[in-house]
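This report concerns only the one structure given below.
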Amino acid sequence: MESVQKTANRIRRLEVKGARNVAIAALQALKLLAEGTKSKSREEFLLEISGAKDLLFSTRPTEPLMRNGVNWVLLNVKWSEKKRVKDLGRVVSSSTCEFLRSLEISRECIAENGSKRIRDGMVVFTHCRSSTVTHMIRKAKQTGKDFEVICTETRPVFQGRNTAKEMLDLGLKTTLIVDSAARSVMKETDLVIVGADAITSEGNVVNKIGTATIAVLAREARVPFYVVSELLKFDPETLSGEYETIEERGRDEVWKDAPKKLKVRNPAFEVTRRDYIHGIICEEGVVPPHIVVEIMQRKYSWIF
Amino acid sequence: MESVQKTANRIRRLEVKGARNVAIAALQALKLLAEGTKSKSREEFLLEISGAKDLLFSTRPTEPLMRNGVNWVLLNVKWSEKKRVKDLGRVVSSSTCEFLRSLEISRECIAENGSKRIRDGMVVFTHCRSSTVTHMIRKAKQTGKDFEVICTETRPVFQGRNTAKEMLDLGLKTTLIVDSAARSVMKETDLVIVGADAITSEGNVVNKIGTATIAVLAREARVPFYVVSELLKFDPETLSGEYETIEERGRDEVWKDAPKKLKVRNPAFEVTRRDYIHGIICEEGVVPPHIVVEIMQRKYSWIF
Amino acid sequence: MESVQKTANRIRRLEVKGARNVAIAALQALKLLAEGTKSKSREEFLLEISGAKDLLFSTRPTEPLMRNGVNWVLLNVKWSEKKRVKDLGRVVSSSTCEFLRSLEISRECIAENGSKRIRDGMVVFTHCRSSTVTHMIRKAKQTGKDFEVICTETRPVFQGRNTAKEMLDLGLKTTLIVDSAARSVMKETDLVIVGADAITSEGNVVNKIGTATIAVLAREARVPFYVVSELLKFDPETLSGEYETIEERGRDEVWKDAPKKLKVRNPAFEVTRRDYIHGIICEEGVVPPHIVVEIMQRKYSWIF
Amino acid sequence: MESVQKTANRIRRLEVKGARNVAIAALQALKLLAEGTKSKSREEFLLEISGAKDLLFSTRPTEPLMRNGVNWVLLNVKWSEKKRVKDLGRVVSSSTCEFLRSLEISRECIAENGSKRIRDGMVVFTHCRSSTVTHMIRKAKQTGKDFEVICTETRPVFQGRNTAKEMLDLGLKTTLIVDSAARSVMKETDLVIVGADAITSEGNVVNKIGTATIAVLAREARVPFYVVSELLKFDPETLSGEYETIEERGRDEVWKDAPKKLKVRNPAFEVTRRDYIHGIICEEGVVPPHIVVEIMQRKYSWIF
Amino acid sequence: MESVQKTANRIRRLEVKGARNVAIAALQALKLLAEGTKSKSREEFLLEISGAKDLLFSTRPTEPLMRNGVNWVLLNVKWSEKKRVKDLGRVVSSSTCEFLRSLEISRECIAENGSKRIRDGMVVFTHCRSSTVTHMIRKAKQTGKDFEVICTETRPVFQGRNTAKEMLDLGLKTTLIVDSAARSVMKETDLVIVGADAITSEGNVVNKIGTATIAVLAREARVPFYVVSELLKFDPETLSGEYETIEERGRDEVWKDAPKKLKVRNPAFEVTRRDYIHGIICEEGVVPPHIVVEIMQRKYSWIF
Amino acid sequence: MESVQKTANRIRRLEVKGARNVAIAALQALKLLAEGTKSKSREEFLLEISGAKDLLFSTRPTEPLMRNGVNWVLLNVKWSEKKRVKDLGRVVSSSTCEFLRSLEISRECIAENGSKRIRDGMVVFTHCRSSTVTHMIRKAKQTGKDFEVICTETRPVFQGRNTAKEMLDLGLKTTLIVDSAARSVMKETDLVIVGADAITSEGNVVNKIGTATIAVLAREARVPFYVVSELLKFDPETLSGEYETIEERGRDEVWKDAPKKLKVRNPAFEVTRRDYIHGIICEEGVVPPHIVVEIMQRKYSWIF
């Protein structure tokens, strides 16, 4: 349980960042736990990994990719009719591997599908940092296309600077702006692409604060707005009516020496409604956000 | 001429900031110049202050309030039939004083008119820093109203932090957010108030980058959006077809250690179209932006 | 003073209704007061009519037409250099007559201008009851045009039923609907025409609750929306920043036997923003709402 | 057949109101008919209940919930290979019970899902009366949340007054307004929730007149708009191109003593397009209206 | 192969026009090829029809109906376990027939479903020429409905004139306008119906240049906009991220004697986004464009 | 009178085209008439030119520039206290010259003001043909700017082809499209500039059919839309409520061999509402369309 505890702490302290990385870390911790378990019976083992799940889930208000991954592993254990702890441990290992491999495949499919949306000579706008977006842009560059990228700096923690560096490393002509200059450059933008932290049953997308504003500005200027995301970022809780919880982070991220009396609000994410989203680029292809919940029913019905 | 040169330098180096302060500094330099002139004739004197004007105008791409002020003084000198340099110097002094006094009166009128728009219990949203907005909010507070203020931090140079401090000093409950969180708080906002750097003949307003985005978001949520401005920020050049020049400032303001290859764009201002503006709160009262050019024809026809 | 008191009471108790009728009643009371005054001096007389003004103004939160009328009479008295009370009384009489006559002329001009907007075969939609709208429709009918009228019933006090009767009396094919069926008939509507209680300096129009919704629905279906109003319904207080006060009427108007615990809100008017208004049809002609404040400066500068 | 006839009459005379109640009454009549049938053969029995169906369908232009329910029972009879009338009667009984029980379960699921959308401190706006909406709000209140409700009166027959009473009975702070005051209170509204009479294949919702206007106003002010409905209110006829019939009710409902010449139009329902609807809250969860027809294919394919 | 070559040429030279006709011609050529094949083995035969496919696909940038049809035939051959060329030829014949027959049935279903959307007295607006639209309008006319049709002329090759003639032949009151007069007649239009060349995975529709503008104008005036299309016009390539290729045709179509230096752009098609489309009228019924990709998964999963 | 008759005929037969050319021709005919008059008295002369006016006005439903010009000359004659016909003839000559010269000056001012709106590297979109637009673009080109122009062909009489030739003659890179391809190129457009036939009191602009659609599309893509026009195209009749008459031209312009039964509608102009117009570029400068009526009151009050 120690490794799970450690991983949970690292996730909680934001030492692991990004929906994908959080999911990978959690699953690997689970795998380690199963490999080193001292449980004596199926019952004991089930209790142990249930506890691990609770610990991992408590780290963040929402992280559907991680939650879906952990649930997948637990379901496999429950579905298994094995009695021996050792065998159950193998189920954990294999289903963990399976999930991680499928994540990898999804990422490739997304990059494949999404890269076709980028045309030679385009100006692509992105916000914050998303490994999936970067991977897709890398793919587009590798196919020999020549295009430019505009990044916002993404306050408060400047993830956009990292994106900018990645784009430069790919050999792309890259421009960085402050977040509130997005409207100024929208006219010369051909395509907006952002990542996602969660997708809701209504087809809305949860992503870094600022995303919805960019979506509004893209629509105002008739610029296509795409979200790049694994389908497993779908949050099944939203189907049953739950709101997506929006994490409020610390005031220090925004202003270290803020006057004490000053209230500093620091919502880390926000919801972009489906109406602003041209398409979700996922492992299934490019689809309207409205139907994600139906695709989930068809492809990943176990998550409900 | 030395004092004019010095003032021009201070303006150029952004040591004097804000349309009002720039105008005041320029006019005071002009007054000093006139008081210490060594010109021998009306012609020589006219040449001297013309030179001063050119110097002052060269400091910034646009600063209509300063330009209108300087032009006002020059016009008075030209209109005067005085021959003696001493007398013309007095014309400079008196018209300078007159302009500055009228600026003062405008500010009070604006505060008076604008403060009535703030009601008890309201949440007022503002962007960047404007001495006119602050003065108006002070007035509203002094009349005993209780309300809250939300400030953006206003990247890249965080002027919003100063606004936040001013609001706290006024005893107001104040919240600070990063610029891209504006949409998140718009639903709970009752009123948006911003300042202006220039007003165009089409009724558009030039103000700090980010303003137009906030205007778009305010309209999206049916929140009234007002601009607080002296009418003399009207730029007569725009009537004859000129675009308002948008100053691009240095990359260091945005990111000190940006990779060299990275292009950093840093437009300091942007245009907010009249359609998004409920009213201009000026010395004349609360008026639609569309008619500012007609009010100028009626009240300040000398600027054309 | 008795007649003024009586009139004030009748206005307060809503026995006199409609902006025009209220203005007429108030001015006639003022005239009677002046004719029967017992004041001995100019000072005493001024005090008397000032008192009358206060009394009349206290009857309703806003009634700009009445207020502008009463102010006009008072201004004439103040401008007059007459000393004798009798002469001042004559000033009251004559300026009252002048105002009422000019109201009459405005009404005719408005009817003349507005009736041209109605074409043969049109379906005209109106809300609530406005004597100016009725007069204009009568004019259109008298010129031999054949058209239909749709009236809302106008809850809570069903003024629309009276409008419907007036339309039938004019020999027009008339349809009545409940207020919330407006959107259902908007597609077949060719023209929306409503009256006004006040016009603000921003070019907005205050009129019966429900008006703004109809304006929104008209714009949604690309149906022209016109306001018919005397320019003297302009409220000069709004220029100096005041909000137009929206009267809340009694709960009994809405539901006589409402449960005590139930809160009943009954706002009688609401603001329709200039963006929704194609034109104000006034004595000056058909003009954009944006410029009403400039027309006032040109034609009725005494009201400021 | 008598009991079916009676029920049909009660439905026709609006003595049974609301889509749920109509469906329940019709199914119970069917059950009674089957229990007391005097048919001698399968053929005769099939004819008898077919007749009952025609009678029930003729009561209202559309009532998809009732129609789907009756069709469900008939399908079960047809699918059954039983020959004896007694056995077929049992099929009617059991499938009726099944349908009614599933309606009950749907209602609970909807209340469960929907109540999570209501947060502490919210102002919830509703229109007309819907037992499903009331049930959902009751659930939210029972979970200990504190919130307010605004009801329209809902002309012409004031169903909103009943809703207001129900809300008061639940111990909620409740406000009632006339229908045309909806826009006035929209700014302070956090959530709009309405019921449905039918859902079309395009994802549009048929509900009480006034609903679409409220949806437009909600969108204008960025207020979420949800529809609460059993999926079986889906009308399969619309898939094959039929328009949803909008019932026009009597003029007396609107104005008892209306002048004879006056045309009174009284459409009872109207269509709200999917673009205005954030989500349908149904037994399946919270879903975009666009995919209802696909969910029906998956869950209730027998209705096509 | 000769017949395929001939057909390919006729398609390339636009002698065969319209998505349906192109598909039919291509399939018939394929059938002829199979009937007259001289291939000796399954392998040889597969190579031969593969070559035919490449030839046919090269004629136009996109023609999803033709491509889906050809792919259907090829898939059937591949799925077949037959070895003998003769037997495989029969597979080509039968699957070709099957596809063409299903096209015929789809057309009838579409006409059936769509004709119900046309009501007595309506004004129906259409653009360009579509045999499916014409068939549907014919159906509506045959059911005894009386309605009018407005056609655009559809520059550059005036297909709208043919549509106008067809409408007159059906006995319908028909009006023709230049393309840019569409907005002028939109107010009196009750329904817009157009055909489609392709449907994308995002639910967008590719159709004749001018279609998207009409869709924008229809929405601006709250006029329903429907697309009539066989589902097999869905282009599976778009799911994997491909843009729909927009064919640019020759300059002579636009201006025979254009000055040489003049650039003439002649895009033949354009994309209309799903947001503007009320429904796709297809063989499945009337559905939101958003779910077409899901319907394809359910009904025609072989195309992916 | 013969020359007036001849000119009137040429205008009627569209041999003189364009608002400016029509005005010039009419005024020159008037001048000729006055120079060759055989009238014996002031009265007779007044009657003669009144007749000429009626003849000229009857040629076209609206032509405000011509009407304002003719009225200007007549007013000068009436205002003149001269008695001798010869002297009055001189008044006609001089006021005609004055008007034509002022038209010339306006054109230069407009070109001066408007050319500043065109920036190096821009893509400018225009519709139909306007000598004022061409003159302004020439000016911009002469100042050394490099930019591209996109012209529509402008059905039905292809005036856009002439514009395209003019643009090529100016040495500009020019593209021609069919009217319905406007939306396809709007994304790459930086500026739309069109001429005007009339300006109404509401600030709307009457121009060639297709203009309003382009305005809608420009707004949809956030592209600035400007109208270039002499202020004297203002139509004073619209202030008094008249609709701008929209000329319907012959069916042959659209389709020479149209089937007889086919109704061909050919509206030559249409109204573009002020909301879509960024500014009117006129001799006064760049102004919002809303205030044109107020500028007319200030500068050309004689036209009312």
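A, B, C, D, E and F label the chains in the order they appear, each numbered from 1.
Here is the rule we go by: contacts are C-beta pairs under 8 Å (C-beta built on N, C-alpha and C of every residue); 3 or more make two chains touch, one makes a residue touch a chain.
Note that this is a predicted model, so its numbers are computed, not measured.
The chains that touch chain B as well as chain E are A, C, D, F. Here chain A and chain D face each other with different sets of residues for the most part; under half of the interface numbers are shared between them.
With angles rounded to a multiple of 5, the C-alpha fit of chain E against chain F returns 180 degrees of rotation. For A-F, the equivalent interface within E-F, B-F or C-E is the one where over half of the contact pairs agree by residue number, namely C-E. Averaging C-alpha coordinates per chain places the centre of chain A 58 Å away from that of chain C.
Centre-to-centre, using mean CA coordinates, chain B is 58 Å away from chain D. One inter-chain figure worth recording: chain C and chain D are separated by 43 Å, centre to centre, where each centre is the mean of the chain's CA atoms. The set of chain B residues that touch two or more partner chains comprises 220, 275, 288, 290-291, 294.
Every pair of chains that touch is listed here: A-B, A-D, A-E, A-F, B-C, B-D, B-F, C-D, C-E, C-F, D-E, E-F. Contacts from chain B toward chain D in the complex involve residues 186-187, 220-222. Residues 201-203, 238-243, 273-275, 288, 290-291, 293-294, 297 of chain A touch chain D in their complex.
On the chain D side of its complex with chain A, the touching residues are 112-117, 119, 275, 278-279, 281, 284-288, 290-291, 294-295, 298. Within the complex formed with chain C, the residues of chain D that make contact are 152-156, 161, 164-165, 168, 173-185, 209-210, 212-213, 216-217, 220, 254-255, 258-259, 261-267, 270.
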